[in-house]
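Each chain gets a letter, A, B and C, in the order it is written, and its residues are counted from 1.
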């Protein structure tokens, strides 16, 4: 395990201290402090515009944080580049499946396996190396898309694309997985399958999940964080959060996240 | 020192021509995302028609007008007849405009032959003028060309910044879809812009034929310069076209005068440098 | 192997065809097709239409002329075993450089930049006498000796061109299945996503251009042996457009269609004289190009494939009813 030296067992998997992101005069995310333990399953809830995806973007490095700090297993990654954080085990999926339409599922997963661990050097060999090919096939199996390995990505259904997204995120030993609305756009029939996939993820992987589908969120997560207007509003077990007055206020009380 | 002044003036003359040619190209690209590869052919067509009219009537100004109108008409026809049908498919439009430029170039070769033409300038433009400040003489027609380019540039800028149609065009540069949704007759605006681009190219052709000369190959020369000018200056902005034209025109003339073997490379190096530092061009807006 | 079905008959053609057909039609089409293949490769797998493939072919051609026998007294003759790899390496290096310059440009921007590079190179060859011998370029560039004659003779050059074309097609198919080739296609589809996987996009782009330089350079070497000369005219706007036309006729998204396009182009070129005035060839080819773009934007290859599919579908339907 090349990363074990950075891995402090007593540290939180992910920990933020007052992070925020400002666009002009508007704080999309403001002063968010929260922590997730290794292996924890955390759901992030909140109405549209609450800053959930922006929070993810700060965590991954897609946005530079305007304030605060981020720690990954105790190590300060606030200033690290995206590839560095990926190398430390931080992975994400995207809300809008943004995939290589002209490649097969197998080739996509191969690129994910090759790129994430080795970077550009991994694409230099003339042939696809066998261990990496085997790893790509294993990922397809975990993501439940083995039967589509040789199908073009453009021919996949919406649900299968979501599964492929998760397969990519699982490549090469992820430690913290950020899933951005994996169930968005899925048919009711596809949803239980996704729940099952989320529950089957390796126990040691920390999962943070943005999800509008409460069934999926509560089924798969042991703790919940609620964002509202870019700020952290409530945190706790699903039951505690459901009992929270403020949470009722924003969902039922008629206030909107705008 | 005299050489330096003459080279500088030559550079400015060339820059003025490049600006006239590139502004239409840039305008069309800015609004419609269409790379009109037939732009050089429109310029040459304007030049030939202008020469023919000026030759037949003896009226130079009429030649400029006729050249501009002929190219405007041809430009509008290109948009109505071919490119308008492929709106949104930029690659296909580009390829189609190449086909049109090949066809136009061959038709012009058929009609006007392979000769080099120079448009006869009226007396008030012939001869030179003594520039006491610099201690050199310079051709009147070239000085007039610079003034003309300046006037066209300012007029174009005023048109785009101050008029209602200009406002619509500017909006179109930023958001074509929105304009369409708001019910503006975007197809007609496209044709108008194409005609304007053609007009500018056509007049530039007649003027190029007056200050220099025109022949088969002039179309390619000005297509290339327009490409480089807008790549360097930035797409879809009058100021960008002016700045790009100035840089390229001067660089080419200084290159020719002081490093003739590498003159072509100077332009190229400027382009590569700009692309490396500002891929969207010096005054262009970022694509994203 | 469907390619053997094409290759074997083509290898037998010299038995039935005279030298004119062999040289002026088939060899020329194979050479132009190889250069056009480098363009279709970039268009299909990187999604970039490059207007500078003739330039890359020209770099290799000029290298063969400069470092080989010529009758203009410019250059440094080197042994053949050095010249050929050197020419290919220079073409690849030129391709890599071009890819690096155009690395952030896509679509029409890439067209404009590669066109500007191509035409700038054309003007450069005209002005530079030390390396390119200016306007006139190099003549008397004889192909390597072969028995009593040389490789430039009709039959040997035909076989050589056929083999090189076949190797290039094979190389393209191998490249796009290699990890680097997959990364190239990933850049085409979603560059940002590839970056998020930890693979920078510059490397695949530069590699794709360099690889296209290898293909174009191979065609360029054959071309200089075929023409026995290379000059600014070999890298001018005319040839640039010819190669583009060939790729478009064959279908920009069909790499091997380049050879279909080349045959159509060469046949049109030779027999236009019977259709219209010889001088109006450009008019004819312009109209053909326009018609293809308007009516069959995916080229003849797609048209043939679709037609075959329809025929087969129609046959199947008529069987079921």
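Keep this in mind: contacts are C-beta pairs under 8 Å (C-beta built on N, C-alpha and C of every residue); 3 or more make two chains touch, one makes a residue touch a chain.
Note that this is a predicted model, so its numbers are computed, not measured.
Novice: Find the most central chain, measuring centrality by the gap between its CA centroid and the centroid of all protein CA atoms shown.
Specialist: If we average C-alpha coordinates per chain, C lands closest to the whole-structure average.
Novice: Return the chain whose centre of C-alpha atoms lies at maximal distance from the corresponding centre of chain B.
Specialist: Using the mean of the C-alpha atoms as each chain's centre, the farthest one from chain B is A.
Novice: What is the distance, in whole Å, between the centres of chain A and chain C, each centre taken as the mean of its C-alpha atoms?
Specialist: Once rounded, the distance between the two centres reads 45 Å.
Novice: Measuring centre to centre with CA averages, how many angstrom lie between chain A and chain B?
Specialist: Taking the average C-alpha coordinate of chain A and of chain B, the gap between them is 51 Å.
Novice: Compute the distance, rounded to whole Å, between the mean C-alpha positions of chain B and chain C.
Specialist: Centre-to-centre distance between chain B and chain C: 32 Å.
Novice: So in the complex, the part of chain B that touches chain C is made up of which residues?
Specialist: Its residues touching chain C are 33, 35, 82, 85, 89-92, 94-96, 98-100, 102-103, 105-107, 109-110, 220, 224, 227-228, 230-231, 260-265, 267-268, 271-272, 275-276, 279.
Novice: Considering the complex alone, what residue numbers of chain C touch chain A?
Specialist: 174, 177-180, 182-183, 185-186, 188-190, 192-200, 203-204
Novice: Would you pull the chain A residues touching chain C in the complex into a rising list?
Specialist: 82-83, 86-87, 92, 94, 98-103, 107-108, 110-112, 114-117, 119-120, 122-128, 168
Novice: In the complex of these two chains, what residues of chain C are touching chain B?
Specialist: Residues in contact with chain B: 49, 101-102, 104-105, 107-109, 111-113, 115-117, 119-120, 123-124, 126-130, 237, 241, 244, 248, 279-280, 282-283, 285-287, 289-290, 293-294, 297.
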